[in-house]
Amino acid sequence: MIEFSLWDIVRNLLLAARWTVVLSLVSFIGGALVGTLLLFMRIGRRRVLRLFAKYYVELFQGTPLLMQLFLAFFGLGLFGIDVPAWLAAGVALILWSAAFLTEIWRGCVEAIAKGQWEASSSLGMGYVQQMRYVILPQALKIAIPPTVGFSVQVIKGTALTSIIGFVELSKAGTVVTNATFQPFMVYGLVALIYFALCWPLSKSSQVLERKLNVAHRNH
Amino acid sequence: MFDYAWLAQYWPVLLKGILVTVQLIAVGAVAGTALGIACAWVRSLGPKWLRPPVTAYVELIRNTPFLIQLFFIFFGLPSLGLQMSELQAANLAMIINLGAYSCEIIRAGIQAAPRGQFEAGASLAMTPFETFRHIILVPSLQRIWPALCSQVIIVMLGSSVVSQIAAEDLTFAANFIQSRTFRAFEAYFVSTAIYLVLAILLRQVLIAAGSFIFPRRSGR
Amino acid sequence: MSLIEITEVRKSFGANEVLKGINIDVDPGEVIAIIGKSGSGKSTLLRCINGLELIDDGSISVAGAQLLPDELHLKALRLKVGMIFQQFNLFPHLTAGGNVMLSQMVVKKTPKAAAEAMAHKMLERVGLGHKYDAFPDELSGGQQQRVAIARALAMQPIALLCDEITSALDPELVAEVLGVVRELASEGMTLLMVTHEMKFARDVCSRVVFMHQGRVHEIGKPEEVFADPKTPELKQFLGVH
């Protein structure tokens, strides 16, 4: 048996953690793009699109991410392509993130007081102008803390892609454990690396939230 | 292209998986919320020396994936002499996970309690703990019940990864079926649909439980 | 001997000294009205007497027992002295009866049946026997405040502290609460009340304390204080020239 030093273990985990970061970024950015599209459907005027976005969100929030990963993996396979794990992982995580971001942002738009709608329409603005100049700028501001907070969920969500065979931090943890027979230490280290990635985001989300609350109270 | 004939033979496997998932979330929800209440009490009103370890627990759990928590418990703890069955590990992981999330949710509810409620308790000679237990707790839980329900559902859906330590839940059943029938997409499609139904039912159950525990509408 | 002895009590919030050496002795059965401008420290004084705020200096004793800031002494004090708040502070998840029963059962370990009987009796006493099963949000402000009084009375205190207990009420509901207090006074309950109801203070109270900038500025029988204020501050407060 090959001996692994602590540094060997950490180095292998950190190398794999790069893929966790890459996948998180891709999922978050992709999810934000799709989510923006869904948001406009969700708060738009076309009933069909509103309902589509609504059920989309309910479907993705009402089923396990792991199942979505499996379905992406085997579903894409039905088209006869040999699906690499990274593709299924990316697709599923983007669609999943989009659902959550849509819902978060919808809450922010709806949190803008009714008075703002009334005031802007009394100024003769149309729906698009109201959105563009009055509602969205305000919604954007209050959307930042929960959006940053959700990025933590995305990072943690990427751990599940190890199950369909994508090699990132969690998968590396399992591989290294199997080679070293030190699950306590290896999974402990894996947890610490995730923590190092997630905690700063959690904290900034909280800080931003608090700042926003203070700003609102001072109005 | 799709073939669901296997359902006739394998539905008992699915049913058994459903029962395990239901059992997991039932135990997890009750014990996890209880743990969350205890931690929320510590973090908002409890002894100062207990706060740092509880805060560390909450932050650690909220900032690491459930899958890793599960692996740590199931594969890591035995090296400390803590041997567990798959199901026990899954239960424990869910309790610990929900405990941390519900702690923060419940704490927000406690912080929203009017100061006068604490003072009324004190002026009636109740200790801070008695005041918490009898006066603050129930209205605080009522305030955050919707958020708590959502978190329980998130944990239920998250429980699908316990199949990775071979706890025989619904996802495990789906894995088993697809390995026997090679109808992977169909097996996961059916179990996804079941999860969706479970999530909808669970929400109904939790809402009903809420109106049973909190017969009064307003919780100020 | 006085029932409540307040001696040289000082209390600061940060750099803001709110009570600057308060001396008041209250005899059993006395009804004391505390009047004064907003911010003069009236609430803080009552809250100190109930141990909701800790005093920085001086002493407070009730029925011979010193007020000390540990849980045991505080509990003993609060069993003797009840408090009624401006905002009622009823427990929203309990019925009127439940509100009155709770602390008896939790603090005094009174058996449920006895606590229930006491709750009925006390609610009867404030004229709300028929509202036993009502929740706070089903009661008017005046009724809520009367439940709060019943709740305090159920602990069988020897004195009650009332902090502007009618200030949050609609004018037409003030009388029903003051009626209950008047009743208590006539039954010999010791009362310390912060109030803006001058007529009530004149009719019911044995003494009036005028607080100004954290001090007892004037104290005396209502007929003296109201008819013949000595200091310009009290004159201004009462609007006499």
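Going by the order they are written in, the chains are A, B and C; count residues from 1 in each one.
Keep this in mind: a contact is a pair of C-beta atoms (placed from the backbone, for glycine too) under 8 Å apart; a residue touches a chain by one contact, two chains touch by 3 or more.
Labels paired with UniProt names: A = Amino acid ABC transporter permease; C = Amino acid ABC transporter ATP-binding protein.
Just so it is clear, the structure is predicted and the values come from calculations on it, not from any experiment.
Asker: Weigh B-C against A-B on C-beta contact pairs and write down the one with more.
Answerer: A-B
Asker: Taking each chain's centre as the mean of its CA atoms, which one is farthest from the centre of chain C?
Answerer: It is A whose centre lies farthest from that of chain C.
Asker: In whole angstrom, what separates the CA-based centres of chain A and chain C?
Answerer: 55
Asker: Rounded to the nearest whole Å, what is the centre-to-centre distance of chain B and chain C, using the mean of the C-alpha atoms as each centre?
Answerer: 45
Asker: So what's the Cα centroid distance for chain A and chain B, whole Å?
Answerer: Inter-chain centre distance comes to 21 Å.
Asker: Listing for chain C: what residues touch at least two other chains?
Answerer: none
Asker: Of all the residues in chain B, which ones touch at least 2 other chains?
Answerer: none
Asker: List the residues on chain C that touch chain B in their complex, please.
Answerer: 50-52, 71, 74-75, 78-79, 82-83, 85, 87, 89-93, 102-103, 106-107, 135, 137, 148, 151-152, 155
Asker: Which chain B residues qualify as touching chain C in the complex?
Answerer: Of all residues in chain B, those touching chain C are 114, 116-117, 119-127, 130, 134-135, 138-139, 142, 214, 216, 218-220.
Asker: Which of the residues in chain B come into contact with chain A in the complex?
Answerer: Residues of chain B touching chain A: 1, 59-60, 62-69, 71-72, 75-80, 153, 157-161, 163-164, 171, 174, 184-185, 188-189, 191-192, 195-196, 199-200.
Asker: Sort out for me which residues of chain A touch chain B in the complex.
Answerer: Residues of chain A touching chain B: 59, 62-68, 70-71, 74-75, 77-78, 152, 156-157, 159-160, 162-163, 170, 173-174, 177, 182-185, 187-188, 190-191, 194-195, 198-199, 202.
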